[in-house]
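To keep things simple, chains are lettered A, B and C as they appear, and every chain counts its residues starting from 1.
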Amino acid sequence: MSTLDIENVSKFYGTMAAVDQFSLNVRAGEMVALLGPSGCGKTTTLRMIAGFVAASRGDIKVSGRSIVDLPPHKRNMGIVFQNYALFPHLTAAANIGFGLEMRGIGRAEASRRVDEMLALVKLDGLADRLPRQLSGGQQQRVALARALAIRPDIVLLDEPLSNLDASLRSEVARDIRILQREHGFTTIMVTHDQDEAMAMGDRLVVMKDGRIQQTGDQEDLYERPETAFVASFIGRSNLIEGHVDGQRNFAFGGEQPLLLSSDRRSGPATMALRPERLALRAGREAGKLTGTVVVGVYLGAVVEHAVQIAPDKRIVVRQASEPGNRLCLPPGSEVSIDWDGSAERVFEAS
Amino acid sequence: MTLAAATPLPSDRREKGHLAAASALLTPATAVVAVMLVAPLLLLLRMSFNRFDPTKLMVEAATAENYTRFFGDAYYTDVMITTVVVALSSTAFCLLFGFPIAYRLARWQSRWKNAVMLLMVLPLFVSSTVRSIGWMVLFSHGGVINLAATSLGLGTMTLMQTTTGVIIGIISINLPYMILTLQSVVEGIDENLEQAAESLGAAPARAFWRIVWPMALPGTMIAAVLCFILAMNAFATPVLIGGPRFHMMAPLLYWEFTANNNWPFASALALILMTTTLVMTVLANKLILGRQARA
Amino acid sequence: MIKNTTFDRISRRNFIAGASAGAVAVPFAGQSFAQSGGSVTVGTWGGDYGRLLRENVDPIMADKAVRVVQDVGDSDTRMAKTIAQRILPRGAVDVQCFDNVKAQALRNADALLPIDPAKLPSWNAIRPEARDPYIVPHIVSAQVIIYDPEQVDEPPTDLDALLSPKYKGKVGAIIANYYAFLMAGALYRGGSLDDYEAGKSYLKDVNANGLRLYAQPEAFTQAFKSKEIAIAVIWQARSIMWQNAGVRIESAWPKSGAMLYVSGLVIPKNAQNKDAAYAYIEAALQPKAQQGFAENMGYMPSIANANLPPNLAKRLELPPDAPKLVSPDLDKLARELPAMSDWWKKNIEYKG
């Protein structure tokens, strides 16, 4: 298995940077998910790795060897396209065998490997079907088998689940994950769906506007977001914009400023609070924040309250429901909200 | 038999209703085609079995003499061979020149694309006669090409009244049709397929031949057939560029019809030309697309 | 004239015919057609001939309140149309302009109305030798040798000049003139316009001498101008017209004689406005109308009393030792013409 090192790669279209100084080191056998909203540069990055887009700057190395000057067909990347890009005029077997044919692998050997791949993706018996005779999930597996058949250095998955029915997604995600773990192929996947990324990646790279926001595992990103964007993009966060005054005062437009858990530099800042890390109590006493319930919703496992904490600010509090104890508070109830210091993230405005 | 099976389901009934409505909508078109296309063809077929008389012109008869005359006279078969050769070679060149242009255009992402597409369509606004006259200016004795060739020391280069000149003229007329058809054919082929092929180790040329070409083949056949039919029936170009000594089928049958008033023979010529075109088209389709299906 | 625009022209002609019917119907609505004088549709060549008809004949018709609509097309097309329509009860065209060979073929096909001299006051003015029961002659010319004096130093005297190795590759012909060319050869080699075999052998020899063919008169004159060709056989009228246009050519009468060209007006059997047709033909025979054609196109008038101005008359005058002017056997020619044109196509054009 190979490593992938992306060093300060940028892509400019005119003066606009689609990808700006992207760096990432992928270990052998690791699966990294590039995550971000559309237009964040994740697909451009994938296409630069594949060779369909030339990097304006920087270097990309596979197992230490630069590949930026290689054309796509010499990069040995196994790509699964978002729409699978199966060759419609070739059977499933011919699709899977295409890369082997291009590599001049003998018929017998190629046929053996195609069978092996068909078995791997559990499509035995469908070898002679044309793509249009296969279901979406089957097509996706053919695409995966085709990419894996060439024994690629790196596997690239472009939105691998987006074309599947919602009901199939988690199952396919798990299958891909298992396959990837078992065979240990170094993989980069691109997705705009944080659940997909969370479910499949060993590590995640969150991108926005062509730049990396944060790289880390699921827990890093969820518990220790480095930017307000990551905090809101990964899971849910209440973002409260305000201003740090003195040392621990955070003015945000509420009745009185919040007292921060630790010292911060003065200046504008954004506080991020996960809804489930907040504690809600009736009454206006012992809390960091006070407010009024706008609405409370009982969702079975959890109860969510929207609380007005300032004339123009509402936050959401989510708590596990405890039968008999934790029911919805009626709108208009005076409440106080408290949290543990570790739940509080404050980002200086950039 | 269950009740459900005996009674059509509502959706079935609706489908039948749609079918009936669709057939009703098709009826006027079918009638127009029958009246405007089939009836004249049948008339043509009937006339081709009539006899020509210099005085009475067309005499009702049931004779095959117009057909035996065509196939028995080397002149007519020569003209047909010339026509087929010109049509085939102009179509081959259209394909050769047209495909790369169409491919580039289809894959081109530029704000100039629409402008360039318009440039492609523009020649179609000028009749083939006018364009042929343009070529006459270029080709003729003392024309631009001849002058250029002479001044470059290439000797005199005569394209006027040559087969090459006629083929060039036909290519210039048919090329936009070829490019426009192929452009939409290529646009219908997902660019990801080529990239998939490349990522699997196919060099661009190989990706083209292995993936794009077989997928484009049916549409390409349509474009080629379109050019072939246009070339088989070319009139203005062979007359204007080919000159009096260059004979192709369409001018020949027009001449039989108007100058000789020999409608029976002209009808036979028309049907022979049409049949040849049709048979060659079907054969090419069978051969090329059939082989692809087997592969 | 470019042949392949004929199809466009057919539809345009139909349009013109339709438009004229509409134009007539509206202003004269409620009036008797005969009282108004109505309209007459004339099938003619475009270009100079059609223009001269409009300039010289139409005003006379306008005085009679008859509206003239031209149906323009080359004579092959109009001939095909006349034949196609001959079985209809009502034809679209009232007067057609053809040469006498085409007129003979149409007569043989029973497509023409016999001319009633009683309806033509000018009948007696027509040169007696040109009178015909089915075609009223309008303009007359004869075949001459034309040459470029810069390339042909010695004025030719007969058709042997076209066979001279001196002019190899320099002999030209307009393809539409093929039968006249063949018959000129027949007269030269066989002594009679009707000896077609002699004519064919002559054409084969000319062809072997590098005969150049032109589809259009314009291309032909251009070839004279660019010195691509030096010598040809053509109607005198055309040579005069081209001389007027500044093409440097001279003409010479062939010793063996010259074939007469007669072009005239015929009435299709099913013409709708026969009276208007006669009126139109009568107008075309008026000296004033004939003068216009003589002056502009170099044709000799078909009437004896044309009163050409002296300089024009001098120009059309035959030389002192008048050449033999002969007419072909029209019936034989009309019958043989399709075979002759086939022969020309295969042996002269194609095997060139």
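Note that contacts are C-beta pairs under 8 Å (C-beta built on N, C-alpha and C of every residue); 3 or more make two chains touch, one makes a residue touch a chain.
If you want to know which protein each chain is, UniProt gives these names: A = Spermidine/putrescine transport system ATP-binding protein; B = Spermidine/putrescine transport system permease protein; C = Spermidine/putrescine transport system substrate-binding protein.
This is a predicted model, so every value here is computed, not measured.
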Most remote chain, CA-based centroid, reference being chain B: A
Chain with minimal offset from the mean of all protein Cα atoms: B
Centroid distance [mean C-alpha coordinates] between chain C and chain A, Å: 88
Chain A and chain B, separation of their C-alpha mean positions in angstrom: 54
Distance from chain C to chain B - Cα centre to Cα centre, in angstrom: 38
In the complex, chain B residues that touch chain A: 190, 192-193, 195-204, 206-207, 210-211, 214-215
Interface residues, chain B side, partner chain C - complex: 52, 54-57, 73, 75, 78, 129, 141-142, 235-236, 239-240, 243-245, 247, 251-252, 254-255, 257-262
Touch list for chain A against partner chain B, complex: 50-52, 71-79, 81, 83, 85-89, 98-99, 102-103, 146-147, 150
In the complex, chain C residues that touch chain B: 2-6, 76-77, 79-80, 83, 105, 108-109, 175, 213-215, 226, 228, 334-339, 341-342, 345-346, 349-350, 352
